[in-house]
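Which chain is which? They are A, B and C, in the order written, and residues in each are numbered from 1.
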Amino acid sequence: MNRAYKKIDQEDIEFFQSVIPKSRLFIGEEIHEDYSKDELAGVHRYPDVVVEALCAEEISKLLKYCNEHDIPVIPRGQGTGLVGASVAIHGGLMISTIKMNRFIELDKENLTLTVEPGVLLMEISKYVEDEDLFYPPDPGEKSATIGGNISTNAGGMRAVKYGVTRDFVRGLEVVLMSGEIIQIGGKVVKNASGYSIKDLMVGSEGTLGFITKAILKLLPLPKVAVSLLVPFPTLEQAVETVPLIIKSKFIPTAIEYMERRVIKNAEDFLGKKFPDASSDAYLLLTFDGNALDEVERIYEKVADVCLEAGAIDVFISDTQERQESIWSARGAFLEAIKASTTAMDECDVVVPRNQVAKFVKYTKEVESLVDIRIASFGHAGDGNLHVYVLKDQYSDEVYTQKLKEAFDLLYKRAAELGGHVSGEHGIGYAKLPYLVAQQGPVYMNLLKGIKFAFDPKGLLNPGKVC
Amino acid sequence: MAKIIIHNEKVKAHDVLVNLCPFNAIEFMDSKITINSGCKMCKLCVKQAPDVFEFFEEEVRRVNKSEWKGIAVYIDHVEGDIHPVSFELIGKARTLAEKINHPVHAVLIGENVMQAAEEIVKYGVDEVFVYDETELKNFRVEPYAACFENYIESVKPSIVLVGGTTIGRSLAPRLAARFRTGLTADCTVLDVQENTDLDQIRPAFGGNIMAHIHTPNHRPQFATVRYKIFDAPEMIDKPFGKITRYTVSKDLLKSKIEVLEVHDKAKSESIEEAEVIVVVGSAFKKKEDLSMAFKLAALLDAKVASTRPLIEKGWMDAKLQIGLSGRTVRPKLIITCGVSGSVQFVAGMKGSDQIMAINIDREASIFKTAHYAIVGDIYEVLPKLIERIENERL
Amino acid sequence: MEILVCIKQVPGTTQVEIDEETGVLRRDGVASKMNPYDLYALESAMVLKEKYGATVHVLTMGPPQAEHIIKEAYMMGADHGAILSDRKFAGADVWATAYTLSQGVKRFCKPDLIICGKMTTDGDTAQVGPEMAEFLGIPHIANVSKIVDVTRSNMTVEMDMPQTVEVAKVEFPCLITVEKGIFQPRLPSYKLKKSTAQLNVQYYAFRDLEDQDEMKYGLNGSPTQVKRIFPPVGNDAHEIWEGDSDTLTNQMFNALMRLKFI
């Protein structure tokens, strides 16, 4: 994709200024450092111009102009992505949605919420929970925008029971690169009207269209949530118990696994003790429901499954402060691991749930094989693992070499187990080579064909996904 | 005495009534509404459903209020070093005393505390009651309570104010229990009526509710108050109060507690515990410049915390990061210096009582959250503020 | 060693709001729970039990539903629990609560050590423990931040003071109230939940207590009365200060003075 794009000149800037007032337009030096990167370490590139859009019409004008003038456009939310998907690797015009942050409609009769893309995930949960409603997708980064969540088909902890972002998007308003504004899907529950453009758009990482509105599906808010913290003698035993839980048909909302050393990182990072120190490996299960006795009945079945599978005990977390003592640690894992080392990179593979144990075991082998520290935690219940390869004392050169070695091994093994390159963080720029390696030319050509149908000149978020 | 009478024959929607009580004390059992031991006598139910709930007051035990005269302040100190809350209470006691024409007393218990007594007189009390014995060297609850009891027995004060410190919160309950009287903790407002009844307002439910409490039929009326709630009084030009030494029998000075050691407290490093926090943000151009923030923090007895960019630069420790993925803080005061206010950061500090934000950019998003938005350059404001506070200290 | 831990059932959240006009209190549907501060008291008892060997008793006063927190204490390792429950205890303030509990203790067990949480999240008074100690005629130490040593006849603890720490040795029987954070409370165990399912909870009513003077219990025994409850005034200040740095410094300085930070 290394074609030449038009460099933004004064004339282009004058056009942008005719659409966007000065207070929402930043050029060159005026651009805040944050816009040069996302949460992926190592990739920095400033866009030439950043605008903060307010509505679809503005975006439509900008896209139409850029399409005619061969200028790359990069959609941008809060920049919390982990794969470089919102970095302007070819420069160009970055359009931020942070000012498009209005709640448009809460439709209690259809149980839908219509929002602009810049609304934050944490704002959505608060907004709907005040009305006793529930938006289940629960990615770790609560300050991400919903537009970003939709663009990566973000997953999160509750995927085991409720599914991922795609399952909760009913409709979208999208600006195409040509400048046309289209409505996709809607408030309907069923839809068999041709190809599902809506499902294509979700997870397209801003390469197919610019999302300017989203209709989200809501559920009634479960009244009770209980977590179980289950210590096991070994990590293998913990992870091997997951398929047994799934098989029991009493499905938790979330199944996470965690290791003592990652917990220790979080304890150091937060300066708080984790409520149990008896074991090296834990499963963390969450259950929700409308009444305590209903939830109790279900979690007791699962607790029995765990004990039979060799769990040391099963600890019950049923109050706000107990939940906080566990979940604040869980929520800090990423930052805590980061704080424990000099640099890191991550692989976010997903494998079938009954293969999680094998993959986790393999990360340990890679750790000694490549001689580099690897930390991992993840959503054992949906097979999505977060594996971090840590730089520690190594020099840049050695680390780059070792990182490549480790990643090659991990992605290869994931594919062998029937897995995929990304569970929830997306492909962006950073994971593209691994996607190509796994999927091969036929599949990649399909992706490119889809991209071509939406954006024939390849100007919308170029260099990402395919 | 008072109670709530329930007119069950008038109950229509029992579930509505059950929900009236914030303390879950109203129950519906055997088709009758009853009140259980959770009742706090807040009388919300009487207010909300007066046809069903009736407040009924029987003949009460009367106390002869005119026999109880004086407003006493317990002087909180460690080895004669007086805790400033005691002066604040003297100030409050003087205001209250003026209204009802009572004297203000200070009760000072310890070893070698005569000098401290001299200091107290300067704040305008009428009399300092001093118990000065070797056995009273360190705070031990039994002998201290015995001395305080002796004071109350001999003087019969109407109101006793005690600082909400470790000692105060240990001592006041023992005496309130002993005198079978009321004690209201952590009052934030105190006023007195002509009949000497003390109006006390205090927070409950972690500060989400305020309660107005009084002690109509018992004396003395005990209240504890935390540090920095009331203003310290000015010293008076001509102290007039007298200092009197009292003693109790040696028997009463015995204790089952032995103080082995008193040492200074190790300063907690954790920013979550801090009452005042100074936060450094991206506006700091060099690592050395952070010293301004540390200087200000030292003057305000504050901790310095950081936003994420400075941690990524390696200038600050990751444990000092405020934000969604770092630590959540709720100090009494937070001063953010050159912090733009990302959503992640704001989510970690927006519960702070007072938020002062210094930022050069009038549009900075931190100003949406700040109670006091200071549009200025930290490189100008901080040095001047530090100098100003230092001058004040001199 | 016999250890008694006093616990209390409190509303599941302190996020209550009150409408000043109507006096109506809004709270969400969160159920009751054990007072969070009591978890530290219970954990302290469990640590002592594991280290020195002890029987841990738990005592609460409240409606019959409070049995739930006794069962929860069993799931955390307590051996024996009782509830003081009677309509005659309704409306108790600190004095009456502490008196009732002290009467309950006399009936229930002979503790060497009574441990209370520092305070509750609904009342926030931090007084019931010390008042109980007075009624029982035993010494107490409040705000204990560390247990240094325990022997057959006494214990050594650190008391947290505003500027200092006092290390004190206190003879049994005694009462301590413990600070949040003295130990990290353990989570209730499902194994213990199963094994203690049949363990009963002792009930005591007014008629079971030694002092039969009704005027010392519940509302009758409460010297304080609540006149009214109302919402707190929030800090909704939103001032923008602009000008030269001297003006700004002045304004900041004055505000810091007014708010008593200088």
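Simple rule for what comes next: a residue touches a chain if its C-beta (ideal position, glycine included) is under 8 Å from a C-beta of that chain, and two chains touch if they have at least 3 such contacts.
Quick caveat, the model's predicted, so the values are computed rather than measured.
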Chain pair with the greatest number of C-beta contact pairs: B-C
Chain separated most widely from subunit C, comparing mean CA positions: A
Distance from the mean Cα position of subunit C to that of subunit A, given in whole angstrom: 42
Interchain centroid distance [CA atoms averaged], subunit B/subunit C, Å: 18
Touching residues on subunit B, where the partner in the complex is subunit C: 1-3, 20, 22-25, 27, 34-44, 47-48, 61, 78, 83, 138-142, 145, 165-167, 169-170, 172-174, 176-178, 180-186, 199, 203-218, 227-228, 231, 255-265, 276, 299-300, 332-333, 353-354, 356, 358, 362, 367, 370-377, 380-381, 384-385, 388-389, 392
Interfacial residue positions of subunit A with respect to subunit B in the complex: 23, 78, 120, 122, 141-143, 268-271, 331-332, 334-335, 338-339
Residues of subunit C touching subunit B in the complex: 11, 14-18, 22-25, 27, 32, 61-65, 85-87, 89-95, 98-99, 121-131, 133-135, 138-143, 156, 159-171, 174, 215, 218-220, 222-232, 235, 237-243, 245-246, 248-253, 255-256, 259-262
Parts of subunit C lying in touch with subunit A, wherever the complex brings them together: 12-13, 29-31, 33-34, 36, 39, 75, 184-191, 193
Contacting residues of subunit A [partner subunit C, same complex]: 223, 228-229, 273-276, 292, 300, 303, 307, 313-322, 325
